[in-house]
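In what follows, a single structure is set out as structure tokens and then discussed.
Chain IDs A, B, C, D and E follow the sequence of writing; residue 1 opens each chain.
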Amino acid sequence: APAPAGGLGTAADQGPAATLRLGYFANVTHAPALVADANGYLDDALGADGTTLETQIFAAGPAAIEALNSGAIDAAYLGPSPALNSYLSSGGTSLRIIAGAASGGASLVTTKQITQVSQLAGTELATPQYGGTQDVALRSFLRDQGLSDAVTVTPSSNGTVPQLFARGSIDGAWLPEPHASLLVEKYGAHRLVDEADLWPGGRFPTTVLVASQEFIAKHPDTVRELVQANAQAVRWLNAAGQRETLDTIQSALAALGSGTLPDAVISSALEQVSFDTTPLAGTFATLVNHAAAVGIGERGSLEGLVDDSFTAKAER
Amino acid sequence: MGVLLNEVSLSYPGTGLVIDRLSAQIEDGEFIAVLGASGCGKSSLLNLIAGLLAPTGGWLEVPDDGAAFMFQDSNLLPWLTAGENVDLALKLAGQPKADRPARITRLLELVQLGHAAHKKPHELSGGMRQRVALARALAQDRQVLLMDEPFAALDAITRDLLHEQLRSLWEQTGKTIIFVTHNVREAIRLSGRILVLSSHPGRILETRRITEDLRRTPALAAALADELTAILRKEQRKHERTNSS
Amino acid sequence: MGVLLNEVSLSYPGTGLVIDRLSAQIEDGEFIAVLGASGCGKSSLLNLIAGLLAPTGGWLEVPDDGAAFMFQDSNLLPWLTAGENVDLALKLAGQPKADRPARITRLLELVQLGHAAHKKPHELSGGMRQRVALARALAQDRQVLLMDEPFAALDAITRDLLHEQLRSLWEQTGKTIIFVTHNVREAIRLSGRILVLSSHPGRILETRRITEDLRRTPALAAALADELTAILRKEQRKHERTNSS
Amino acid sequence: MSAPTQARIRPAVPAALALRRRGRADAVIAPIITLIVLVSLWQIAAWASPLREDLFPGPAAVAAKLPELLADGSLLSAVGTSLFRALSGFAIAVLIATPAALLLAHLPLLRKGLGPLVSAMQVLPSIAWVPAAIILFGLSDATIYTVLLLGAIPSIINGLLSGIDMIPAQYSALSRVLGAGKRQHILSVQLPAALPGYVAGLRQGWAFAWRSLMAAELIAVGGSLALGVGSLLQRGRDLADLPLVMLVILVILLVGVLIELLCFAPLERKLLRDRGMTRTGENHA
Amino acid sequence: MSAPTQARIRPAVPAALALRRRGRADAVIAPIITLIVLVSLWQIAAWASPLREDLFPGPAAVAAKLPELLADGSLLSAVGTSLFRALSGFAIAVLIATPAALLLAHLPLLRKGLGPLVSAMQVLPSIAWVPAAIILFGLSDATIYTVLLLGAIPSIINGLLSGIDMIPAQYSALSRVLGAGKRQHILSVQLPAALPGYVAGLRQGWAFAWRSLMAAELIAVGGSLALGVGSLLQRGRDLADLPLVMLVILVILLVGVLIELLCFAPLERKLLRDRGMTRTGENHA
């Protein structure tokens, strides 16, 4: 394992933490967190050392990063983009990626009239957030297709995109699940590009599990238990039947007060996403390069970003 | 075009009757003085005639273009200069713009304030404010002119001067003037008829016509003044007795 | 404990001299009346003595606990009742809480307003407001009492009554009283010395002592009144000439 | 010009009494009628509109959402949480802002130095404070209160300052003549005289407090932070659940109307009556 | 009690003159000193703080960000865009709110019915309007202006209404006696009399307008829409770029201070002087 790279005063191993404060989103792409929490995997794993769990629900990556930076939470499920941003802008001192959670599950959905990528010229496409994972993906896709100047990219929030699409203000959007499926199922869009097709092996990270470097240094045991619970949830997700998965996730979302999307959308979303504990470390450099190539964020060393020592142990 | 009061009563919320079935007929072109103790309802009466208050009983008849009113406090608009305060009255009376500057100057000179046209109310003395208010009331140019203690804040000399101005204005224009004063001599000197009000509630205690003869004969005037003062004093005494009993 | 003015001058921003090198010595326990034309600087003079304005030249000496001041406009606080307005003065003068209700009643009865203690200023007539202000000024209980036309809005009878009250209060307490009035008779009736001010700029034109004899002899008093009026009229004439030239 | 005629003025009393009675009833009926009219217009617009129902839900669709939210108690508890935070935060803001404004009013140099900054802070959007507050206080109620206070305090300070600026100069003269010390002047003269302007400032301060609270509640939900109305609104937006958004808007409006009708309007009415004035649209006494 | 002694009062003129001159200089120097003090405190805090530099950037780190943003012109153009939107939107808001407030003031029933709603609308967070505005206007300037107007108008209405409520009753009596028609009464008496309260309301209205604009710019970005300061702020948060966030905050504060010093403060000073009052902390005349 790489040596802790400093940060808020490096501390030696202090044994299991008294509490683990974990942040995640009430979202299909965070299914491992939902399942690990709902099925009690986290409580079981942490409970062995007397660690209690506190969870925090976020709506967006930047807020989760702010919370992680402030020490308000110790670990979080996040998109890779905010995690990379934070790591680079802190000079490699803020957090580490300790496991993967979900991959795949982002698509370019457009109106039915657009059936080929070449028809995108002159259109207006939305992404959920400027500089976010999908924003970078769309921009670099357009760049590869030579459409950078022909397409207007409009960052809007996940909630705004369906409205814009429904009133014809935009022609499509590059969205994560379940928002892409929502547009398809309820607003008559169709999937023009599945981001998985653009990546070698069809695999790219959607959600990763991160922890603050200080917490990793102080409580490696707790981190290991967290990674184990994550792995357990991923295994369950990959093993369970479609109906069972759907019900578990819908009820977990409902418990968080977010269960308002129809089953059809959720199950379509689940088909797009796969769950995997490997963080797909190889893709991060590509992500950073994509971002830098379209003028967002800065390049920098990713040395020490991924700490796969825990995954390795968990797999064992 | 006079003013007719028929059994007019007035009370404010939470007070007893302030004015009780007061009847009076004021002819067109009359110059009337109203005397009465402090708090007896003189200002309230003027407010009724100006239409600013509605009676709680009886009815009154006034010219339907309303009356010019000089308030007891000068009530100047603090963001306008003395000249602009007068100008507002002229403007709202429909005077053409071109005539107004000359009229403002004339009116302010009438009240000895030709030099203060550009001053804001807070830069004027108490008596100067009262004179601006007088100029504004004259600027309104209505047939009926109501004045609530118009000279109370003025020194004897300025007051004399303005008495003359007011008399000659009345003689020239034939306005109906109703003015409230505390000064019995002033009432005798200026008016053609004096109404004395009682207090709690306000009724007409006494009406006196002032003839030109009486006005010109100091002895007669002094006698009337004494008599009126005696009436007022008796009324006040009676009232004190009722109060303390 | 009197008041000493030494070559005091005053001008407001943008005005010429309002008061010009005025000197006067007012003894402890004197009762002084100040006469002068409207706008001549009487209120400004009282403001100087009260320490509300600083002179622009010369200096003055006043008791350093300040002076009670009855303003020309009554200046009551609109959110307090008549009684509460008086109470505020008592409280700020350091009167113990237990004594205050009785004193408020006494003061308001003194000004004939025993029945109006619970009324808000906007429910009072002009003269009633002035009397509340008088009660408040008396509540302050300072050695020096400044009064700016304290009886201007009062009818003759009430005024007579309050004259007596003020005289006997002065006799009992030996306060130094400086009061501004427009009424020459009132000045003669009440004060021990009369200062007549000129206007533009304000200077002392005339000082007259009033003896008890003079006060008691109507003919003498009337003669003095006429004389003072003549002085004031002459001053005003001179001024008109200077103005129109 | 035609000769002016006489006008007869008759008692206004019976009419005034009737008006007064009607006035009282109006205070209740008028808002209800407004409500009915607005809801009807909304329903008509929803029917007439070519937009899909989920994009422009009518009153019925929104009402249908209500039982579900009431059943799981999330709506009521969110309203309770937000209302508690807003009221307690507002009270703290008043307690801090009032002495601060008095300090600025009495220290000319301080006012010159900080006055413009206070006005500028009013302009700063609440979310600007969020990153800093989170770094200092983490995900705790302290963060939410910080954002709320920074939103409300400048506005209350400015309200009281303009109230004080508008006090007639003669009141200060009076209080000097009466020998009031600084503290007595503030308590007995300055604050009561500034009160009508101050209450106007408080109303705006309350609006700022509530809006800042909504912004703060967007940051995080669940966990250590209780769910507030702001979080509910954000959830509705994230899921493009417009009936939920509308429902939350209606709830916020309801809270606003109630606070106005139960607190600010009566307070203002009393203050003005005390000074012999009336709110326009109300009958004298 | 000890016998009171005499106090000698001497001219205050030379001192007053000096004060006045110093007063003018203060108006410029005091804010600058405040600025220097605050920046120093910030720098000290940044040095002393145990937080990582990217979490609590000092003035130097923020200043270092400036050239980059100035070079590509994005900062200046964002400020220009936002300022233009805010000023034009505010002007429109004033033009709509003023007659609306007058209408409410003169139609008692309307005020009873809509008054509480207006106050409630003030409380509604701006982002609540965003979904509706987007459905109606898409990603256009119209959306931004809608959100801004809905934020600013209720506040200006309330400001003018409380200004009107505080007009002494005697002015209305005067204007009736002078025979003013309704229009003349409004223009010649009511508006000028309500002006000081109105300007206080405008200041709050401006704050609401600017904050609503920021909220609108957070959501409606990209497309044909020019980048505003609000979008820049959100971008800073999205990219965890705290120096950028701080820079934007400073720019907003600067804009706020300038608007205050160049518009509201002189306007208020003039109004109060006209009426023989002074802002506290300023020397008479």
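Here is the rule we go by: a contact is a pair of C-beta atoms (placed from the backbone, for glycine too) under 8 Å apart; a residue touches a chain by one contact, two chains touch by 3 or more.
Every value quoted in this text rests on a predicted model; they were computed, and no experiment measured them.
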Partner chains shared by chain C and chain E (touch criterion as defined above): B, D
Two chains joined by the most C-beta pairs in contact, as defined above: D-E
Chain D on chain E, rotation in degrees - Cα superposition, rounded to nearest 5: 180
Chain B-chain E separation of Cα centroids, rounded to whole Å: 47
Centre distance in Å when chain A and chain E are each reduced to the mean of their C-alpha atoms: 40
Euclidean distance of C-alpha centroids - chain B vs chain C, Å: 26
Shared interface positions of chain A, touching two or more other chains: 66, 69-70, 157, 159-160, 163, 166-167
Residues of chain D touching at least two other chains: 51, 55, 130-131, 135, 169, 218, 237, 276
Of all residues in chain C, the ones touching two or more other chains: 51, 65, 73, 122-123
Interchain pairs in contact, sorted by label: A-D, A-E, B-C, B-D, B-E, C-D, C-E, D-E
Chain D partner contacts - residues on chain C that touch it in the complex: 50-52, 65-69, 71, 73, 75, 77-79, 88-89, 91-93, 120-123, 140
Of chain D, residues touching chain E in the complex: 23, 26-27, 30-31, 33-34, 51, 55-56, 104-117, 119-128, 130-131, 135, 155, 158-159, 161-162, 164-169, 196-197, 199-201, 203-204, 206-208, 210-211, 214-215, 218, 230, 233, 237, 242, 245, 248-249, 252-257, 259-261, 264-265, 268, 272, 276-282
Parts of chain C lying in touch with chain E, wherever the complex brings them together: 1, 4, 13-14, 48, 51, 54-65, 122, 143
Residue ranges of chain A in contact with chain E within the complex: 7-9, 61-62, 65-66, 69-70, 82, 85-86, 89-91, 93-94, 124, 126, 129-132, 152-157, 159-160, 163-164, 166-170, 296-297
Interface residues, chain C side, partner chain B - complex: 12, 15, 35-39, 42-43, 72-73, 114-115, 123-128, 131, 148-149, 152-159, 182-184, 229, 232-233, 236, 243
